[in-house]
Structures are given as C-alpha cells and as structure tokens.
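Only one structure is covered here, and it is reproduced in the block below.
As written, the chains take the letters A, B, C and D, and residue 1 is the first residue of each chain.
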C-alpha cells in the first residue's frame, strides 16, 4: 500500500500518521522526492479498512496494489477455469470450444419446451435455457411456472440429451432448483444478492453469473468471489448488456468486457445478445460479434412458433435464423482457431 | 393504447393487424390524418403483453397511456401516504414534518450503539439507524454482527425511546428482523430482489425502500408496487445516489428525484446524503439541499468517536456537526413551511 | 401528432386545448375509448414547437410520429449512401466493401508519417488517418503540428497512393484543411459544434462524423442532418465508444449502434476500436467484432516503431499486428458475404 | 510519480524500466516491501507523456500525484476568485453574495426582452441572460436572432441597469459578441471546443463555462484551464445537469458538484436549475436546493407571458413565481450566512 501525503503537510501531522499506522501494525517506510513524500506501507492489523485512511487530514491519496478479487483474478491462478458437466461428454465452457446455450425466455407449457428443446438439439447446441422463476419489473407480469416449469424443462432436456440452465432468485429455492438444473443462473438484478451467492458457493453445480446491468467489472468479479470463496469453483460470467443513456437500444452490449475478463480473470465468459439487444434482427450480428470478440459461450433465446409472433418475445430467434446463425458462428470461430460446441 | 402504423403500410397488412387485435379481444378504432394512420385500441385479453405488438411488421410504435405503477401512483390515490410508528407518538413520515433518521453504518458493539443512540436522541432525532446484516461488495469485508446486532440496536433504541430501522437482505431473515425493527430497510442492491419484496408485502411494518443505484424512477415505483400489492401500504422511498460517469463523487445524488416522486406518487421520499456523497464535508450541504428540495425524511450516519477517525467511515458526521446540521435544517424547513421532527 | 389528454380533464379545459390547437392552424380530430381520450392532430403553423404542448394543463402526453432526422433517415431514402473518393478508384464506403482507415494518432514528423503510410499501403489499406490539429483535454498537452502536419500527411499519402482523413475543429480552418484532405473528420467533442457542421455542409468533400462520447444515436443523426441539409451528402458516421460507469475500459464500445444505424439510416457507419478501447490487445478482438457486427469501415491506429513503445500510444497496433488483423478481418467479412478494401 | 511494478517482474525487466526512465531524465528511487516493489520517480523530460508508461511490460500501474488542473485548482491559489463587472457596482460572483442571473431562453423581439428585463430588475436581480446565437440539436429548429438579438438584449439591459450574459459558439463571432455582452457564456455542447476556449482566454471579459452534459468535473476544470492559461482569470463554472439513464427528468442535476468544486477549485460555481430540470415546477425546489448546497450564482429562465404558455418554454418561471422564489432564496442564504444579490 502506498500513502501519498499532502504537499503542505507539517512534520507533526506526518509523525502522527506514521504513529497511527504503526499502532495498527503496519511497517512504514518514508520516501521523499522533489515532487512528493510518500509512505510505503505493508502489513497491518487484520480487518483494518484502509479505505478510511484516505480521508485523514494530511493524506492526499492511498493506493492499494492488491486486486480485490483474489480467487477470480488471473494473478493467483493463471490457467483458464474449464467447466464440465457430469453426464454431458464434450460439453465444456472455458476451453477451446464455444458453447451454445439456447431456449425460450420462460418455460410456458410442455409442447413449447419440447418443441424448442428438439430444435436446439437438432441445430447442434447442447445446453437448454428456460426460466421457471422469472424476475419481472412489475408484480403484474407473468412470474413463471415455478416448480412445474422446472419439471418440464428437465424432462424436455433429458429427452433430447441437453444440459439445463435455469434461474434461481430466492435462497429458499436453491435446494429445489438444484434437483432439476445442471447450471444455476443468477440474473442481472441478483448479481449483488449476497445471501444467494453465499448459498450457491456451498453447492457443487456451476453458476452462470450474469453481470448486473450497472455493475462495474470489478464488482462482477467480487460477486464471483462470493461463490468461489464458498468452495464452488464453477463460475461462468455472462455479459448481457449494461445501462447507459442510449435509448434506441434496450441495453448497451459491452463486448469489450470480453477481452477485459480474459485479461483479469481465469473464469470463462459467456455473452447473451438476446437480452442485450432485445430484437432478433440485432441478436444475429451481435452474436457474431461476441464470438469474434472471444466469448466462451453464447446464450440466445429461440422460439418454436414463427406464425404467432405475438406470444413470443421480440428477441427470440426463429428456428431457421437459429440454425443459420450457428453456421455463421462456426466459420467465425475458425478464424480465431476455435470451434462451436 | 394507441398503435401507430408505418407510413407505407399496405391495406392487406393493416387488415391483418386489425384482425389480430380483434382476435385478442381489443376494440379497434382507426383514425387517419395527413400525417399518419393510427389505431385507437382498448380492452384486450387479460395477460396480453402489448409490448410485443411494437415489433410486428407494419407497426411503427405502440403507446400505452396507463402508468405501470398503479398503487404507488398519484393518479389512483391523490392524498399523501402518511406513515406512523405505533408507540412513537409524533413520529410520522409523509406529513408536514421532516423526520431525521440517524445512527452508525453498522452496529459494532454495545458501547458504540448506546453512545450514538444517546447522541441521536439528544440532538432531537427520533429514529435510529444501524446495520446488523450488511451487504458488502467483497466477501472479505465485515458482514455485520447479525442477530446480536439486532438485539443491541433494539436495546439502545428502547433506552433512548427511539424507533429502529435496519436492513433485511434475505427472505429467510424477515421473521427474525421483524421482531427487532420498527421499519425494514431494503438496500440499493436489493431493490429488485422480488422474493424479498413479496415477503415484505405480507408484513405490517413499513419498508424504507432505497433506490437501486442504477434504477430509473419508474422501476423504483414498480418495486414499491410489489410491496403495496402484497397488502403492506407503508413504503418510504429513499434516494441514495445513482451511478454515473463522474468519479470525483461516490455517487451522483439525484435530488431532482424528490419533486418527481412528489408529482408521480403519494409515497413519502427520504434522502440519504451519507451514502450518496461518502464524505462528511459533503453530507452537510447536501442534507441542507435535500430539505430545500422537499425531502420528507433525512437519513444520515453519525459516529461517537471523533478522536478515532480510522474506525469510523469517512461519511459519518461528528457529534457536533450533527447537532449543528439539525439546527440549519430546522431553519430551511421553515422557509417552506415545514418542520423537523 | 397525437395528443393524449389527462383522464380527469374537464370539458372546458378540453375545449380550450382544441381551440388553442386550431388557432395554431392544426386540424384536430377527437377519438375516445374506454381507456383514454386522444386528439389526432395534423398540420400546424410552421415553426410551432409542439414540445411545449406537452406541459399544458390537461395534456398527459404528446406523441410525434415523424422522425426528427429526415435526410439521414432511411424512411426518406431507402438505398444506402455510397461514398466514393475522386482519384481513388475502388475506394468506397457504404457498399459491399469494408474500408480500412489506418495511421498514427498525430502526425509527428516526416519520417514517422512516411514509414506508417508505407506500412498502411503495404498491408492493403487505402486510406491514411493522422491528426494535424488535435483536440486535447489539457491545454498543456501537444496540440498537433497544424498546417505543417497537413502538408506532411498529404505528401506521404500521395507517395503511397492513399486517401487522407484528418480532423477539423475550428470554422476558421475549414478552407485550409480542405486543401489537403480527402475526408474531413469531426471529432467526438465537436459532434454538436453546429457552426462547424454548417460550414462543412457547404463543402463537397465527405465528412467522417464521430459520435459524441455521450451522444444518443438520434442526436448523432441530427448532427449528420446539419451537414446533409447544407447540401453535402457525404456523411460517414463513426462509432468510437461511449462514456459509461465502467472504469476498466476507456470507453464502452457500442457495437450495437451498428445494426441500429443500418436500420434507421442509409448512411455508412465506421467503427474505431483504437479510441474505443485504448489498448492494442483489445483493439484486435474489437476490430474483428466490429466487422462481424456489420461495420462499413474500420479505423485503427498503427505505429512504425515497435522498439520505442514509450513514444507511441498504447492503442496503436504494431506493424505485424496490423497485417495479421487485416487477414482475420478478410475471413470474417467473407462469412457475411463482404470483402475488405 | 509512483511506478508500481508487476509482482512477478524479472530483475532484467526492472533494470530495463529503470534505464528507460533515467534516459528520459527521471530520478528513480526503488522501494521494496513485502507487498510490492515501487519506483519513486521525479523530474523527467518536458513533454514526456507518462500515461504511456502504464502500458509497458512489467509495470502494473503509474500514479501521478499532481492534479492536472493547475491554474483552476485550489492547491495553487487558495483564496476564492472574485469576479466583478466594471460598471455594475455590487455585482460580484464568488464572494459572500449569491448572484441571480435571469432572463429568457432566447431573445425573440424587443417587446419580449424589455418586459423580461424590467421584471428581472424589479424582483431585484442584476444580470440578464438571453440567447442570440442558439445551439439546437436539430438544424430545423429556431437558431436565434443573431446580431439583432445582441443589440436588443444590450439595449434592454442598459435601460434597466442590468449586466448581460449571452452565448458564443463560433470563434468567428467572439469579436461581435464581446461588443455587446458583459459575460461570455460557453454552452454545454461547447465545453470542449478548444479553439473557442483559447480565443476567450485572450479576452478580458469573464466567461460562464457550462459543464458539458457528460463531462467529469476534472475535464470541466481542464476546460477552465484553457481559458485561464490564455490570461483570462474570470471563469465562472456553471452546473446545468448531466446525462444519466434516468428518463423522468431531462437531466440529472448534479448538485454534489458544488461542494466538490469548492473543495478542488477557487473558481465560483453557478447552478442552472432551468436547463437541468426542464419544468418550472421542478425549477423552484431545485433552485432552493442549489443555494442550500452552496452555489455562488443561480441562473434561471423567466418569461413575461403567463397567458400564452405555448410560446414560452416549459421551464421558464412565471413572473410571480420568480419574485416568490427570490424571497425564499434570501431566507435560505441567511441560514448559511450569505445573501442574495
């Protein structure tokens, strides 16, 4: 830690600061140049909140050199985390392959989820998404089928040999969802629901952790840290668009987060162009862009129902679009020596 | 609802859209001007998601005229909601008085919370704040004293005849916290934790609902709607700063939200300059500004420990500052014919 | 235009509003449903600012159906604008080809600009970028070589048969820069410098209009409108990153603006990953992503000086990286049936 | 300057970095602790861009301790800048008094500007605002009366002994506007129009520099630096709202910028609640809040025409509202021992 002193600090004040640091078990070494006087500081009492130092009289700034995300950071573990799913050979996230996760926004009924699962499998994807418990801005919107939805997606996935990812929002539902899913999904609005993250940290199944729509990358990695520090090493980050001032798009899809995550962390990163853009004609170019930018997985919504556009979300891809998109993604993946799985 | 058609729409496409609306139980009336053709539409099948209409071919836009927040909106209830606390005569939020809520960030130990409670009462405030369960960005930071903290704050508050507000983060803790608090606090990161909001909607005690740090006012009112629609009418909104690009401040304190809330909603609105600004020298002018802007309550952090700045947060007011601030707030309240309570 | 009336409006107030509209030469047709009463309004006095209507008592909202950007919008001109440069056969922006624009941030000296121009030409690009007048946040930073820089970049470009794009900031410099450049560049900070846009609207050479770092797409198109409405039809939009709360990246590169622009406008759109990301290791994946997302041109910084990293910006690509990147871009372009030029 | 080295740096790489710094005329002192190795560095070649160091291999971070804004910063000049206007005794900005600047958005005609000037003077304000050259997002909106507007506002102001502030957008208009105005206004969109700032730096009359709607405070002070470094010491900063994700307000009025500016800079700061909020019913509480937060001047729009709401902007105060507001502001100013002038 480096403590930069105010230029006009008195000797008395400087001595007080040094004493205070030493009382708190820090080793302090003073270094002066023509430009500034700094204290090069190490050690310190456990639990000492060095942020507060910054606001002491006589201190201009405090620079911490440690990254706050220890377990998720690349500094402590250089090799990429590779997530595999027991029972689904060849499905892995974080290796050379780029996994495709597809399905409806919500599980609506048996016919719907079976038709979509069949489509997903037919086009070559291996992981089925679909919400049973849905976080909705308004209490008056459809809140999902709950436990019934979990049973349906599991049955459909098993029929077509797909793995399942579905969302968990409530600490009280973790046990239930664990029975049915292969990957827990934590949604954008729950990225900083710490009791939920702690509970998932105690489980064995991997967690797809969506970025909060206004979360800085550092905070996202700190949320991953809650899961990792509980003992669960299987975290997949998922960029899904951030909130900005732009209003011609639903969110701003922050694809530059992909190379940043690859630099800072060993965790795999997925991208969800469906939620990011909200419109199927924008999902296609942005899915291509996500692969070109280096995403380790792509998550998209598809529907089974081209003739009834009203009942599907405007972002769900039509069956033909989905298969065509996968063929384009394959060719882009080859350009960067990767493959679609 | 108004459906605006594309300028170059064919008659065939227009007829299809009208049929589709009528199949979904809407009454449709077409109106043409030189500038545009619109459909004036009413009724519709329950649960129909009219957002999806917007993306149908031939439709340029869909304008809904209803506000999405029905119970929290002023359109359905014009008189202000007035929140009282049983057992605390004269303490009310949402009336002419402006309530002061003060206390430490976290409950740390008995001595600390008793000294601060005494100070809060002495300067004339009636509500004690203090966290027992703390949401922290990092799993390595202090997470609060938990149940022990609840007992301590209750005991200190009772000693000095103060009401208590403390934070709840986990649906599994609602019962426990209900035993000890007078007002539930929902923090910024949990503003869209819907299972938690639903659970609080079933309770009788009021809820101080902090604005998500990146929540639009409409979403904030929709979160209030979750609580109100469960049957709990006691919601106090609390502005605590939003996230922007500025980095010389911790948050951008959105005081213009105060007149907006007063126009759109009957719910009272509090302001928290401590979390908004993060530095005590900024808390004071911004607390004054919040009263001048019309806030119904002010929530500030105070500490008891002027000689040990290191263990307190940089935003906590010193005892003298707190009493002086209250005297300034009283005079500003008088300018707008209100009083501090 | 549609005027939505307040639900509780009195007949008297409604009549006043209708009279007021008719006095201002509008045709007014009233339409009532169970849900709302609206006025369907057309015509109106020239110059009437209908925004102000919105705030009249009794009016809930005013919906304008015209897009504000008439000349840049696709509604009025469906075919894509194709920009060619006299004397540079085969160089076009807005057609099937994707143009590469490359060069240094600033022109520094003759040796530098000649070496870079040679490199740019050798790798197959046709347009040379380089600043002579530089907008810098601080008055103490290097402000560019000015007129001398213009002469050097022109000479270097001519030697290697490249077209030139360089920035103009001051209305007083337009004549001078017009002598030396093939494309005017308007930087992000000048996107709403209206006197400058009007002056460029009178010229014949095309304008590369960078998006303001906090400009909505609608405002960007309105700025293009200033140039188009002056008679200059050659506008190339350029996405260069927007300002958000994220601080691990210099800007947030808004690639979803690319499909939005293609939907709303006939103007070509370029992407500048160098300014967007600020670091060469991020420029490469984001340039690939921009092509995959549909960009019509890519603008990147390159330097000639791999052994002296200190004097080059951290975002400039090394010579080898630039040639390798172009080969990847070619393959990605093929996936979407386009080619790099 | 402090250079923090990567934890795993080799000795060879460290020696290379030290050599490179010494070649560039820096004095380098190495300091090691258990936690990190740093270089404490001073001096350096003039014009050396130390930002680029940050991206050298082996360097984790570079911390500069100097503030970038030297002339506008409080570190170099502790006493507040006090701006006076020759010929207007008692009018000063930056002292104990809080100046009121009021007038229409645009000068429209002689009758309008005279009536408003009379009202402004009658309620006790001393400075008249009004635009002659207007920056408008759309080329199709009214662009102001130009030179004729300047003559009208000067004549009206002289009649009622008011000082004038009016906007300048184009370097070619500085001479003309200087003839008629007492204070130059630089609008939000031109905050980083550096040729314009440089030109104003050569003049004697003070400049009211509005904050760019997406400018960080540091950038705002750097723009002030352009004017100050040219020799013009009379800069008044003006907060007018920043762009955020919120859409129930026109801008987010960043009142916390006021205490930040007072801490970082000796320059006075004005606040413009009219442009910040866009609606007269919000202007009033926010003007009160700005005074309570410590603003040195308040700038508001007023109109003369209560019966013709359509031709005035929705943010202009009615004559009665303006006088009433001033009386409230006087009482709030007294609470903080200031006075309205």
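Quick note on the criterion: contacts are C-beta pairs under 8 Å (C-beta built on N, C-alpha and C of every residue); 3 or more make two chains touch, one makes a residue touch a chain.
Because the structure is a prediction, the values reported are computed rather than measured.
With rounding to the nearest 5, the Cα superposition of chain A on chain D corresponds to a rotation angle of 180 degrees. Chain centres computed from CA atoms place D at the largest separation from chain A.
Here the spacing of chain A and chain D, counted between their Cα centres, is 39 Å. Separating the centre of chain A from that of chain C, both taken as means of CA atoms, is a distance of 31 Å. Each chain gets a centre from the mean of its Cα atoms; for chain A and chain B, those two points are 27 Å apart. Multi-chain contact residues of chain A (touching two or more other chains) are listed as 214, 243-245, 247.
Listed in rising order, the residues of chain C touching chain B in the complex are 1-2, 4, 7, 27, 29, 31, 33-36, 38, 40-43, 60-61, 63, 65-66, 75, 214, 243-245, 247.
Across the complex, chain A meets chain C through its residues 214, 216-218, 242, 244-249, 252-260, 263-264, 276-277, 281-282, 285-286, 288-294, 328, 331-332, 334-336. In the complex of the two chains, the chain A residues touching chain B come out as 20, 24, 47, 49, 51-56, 68, 70, 135-142, 169-173, 189-190, 192-195, 198, 212-214, 219, 222-223, 225-226, 229, 243, 279, 309-314.
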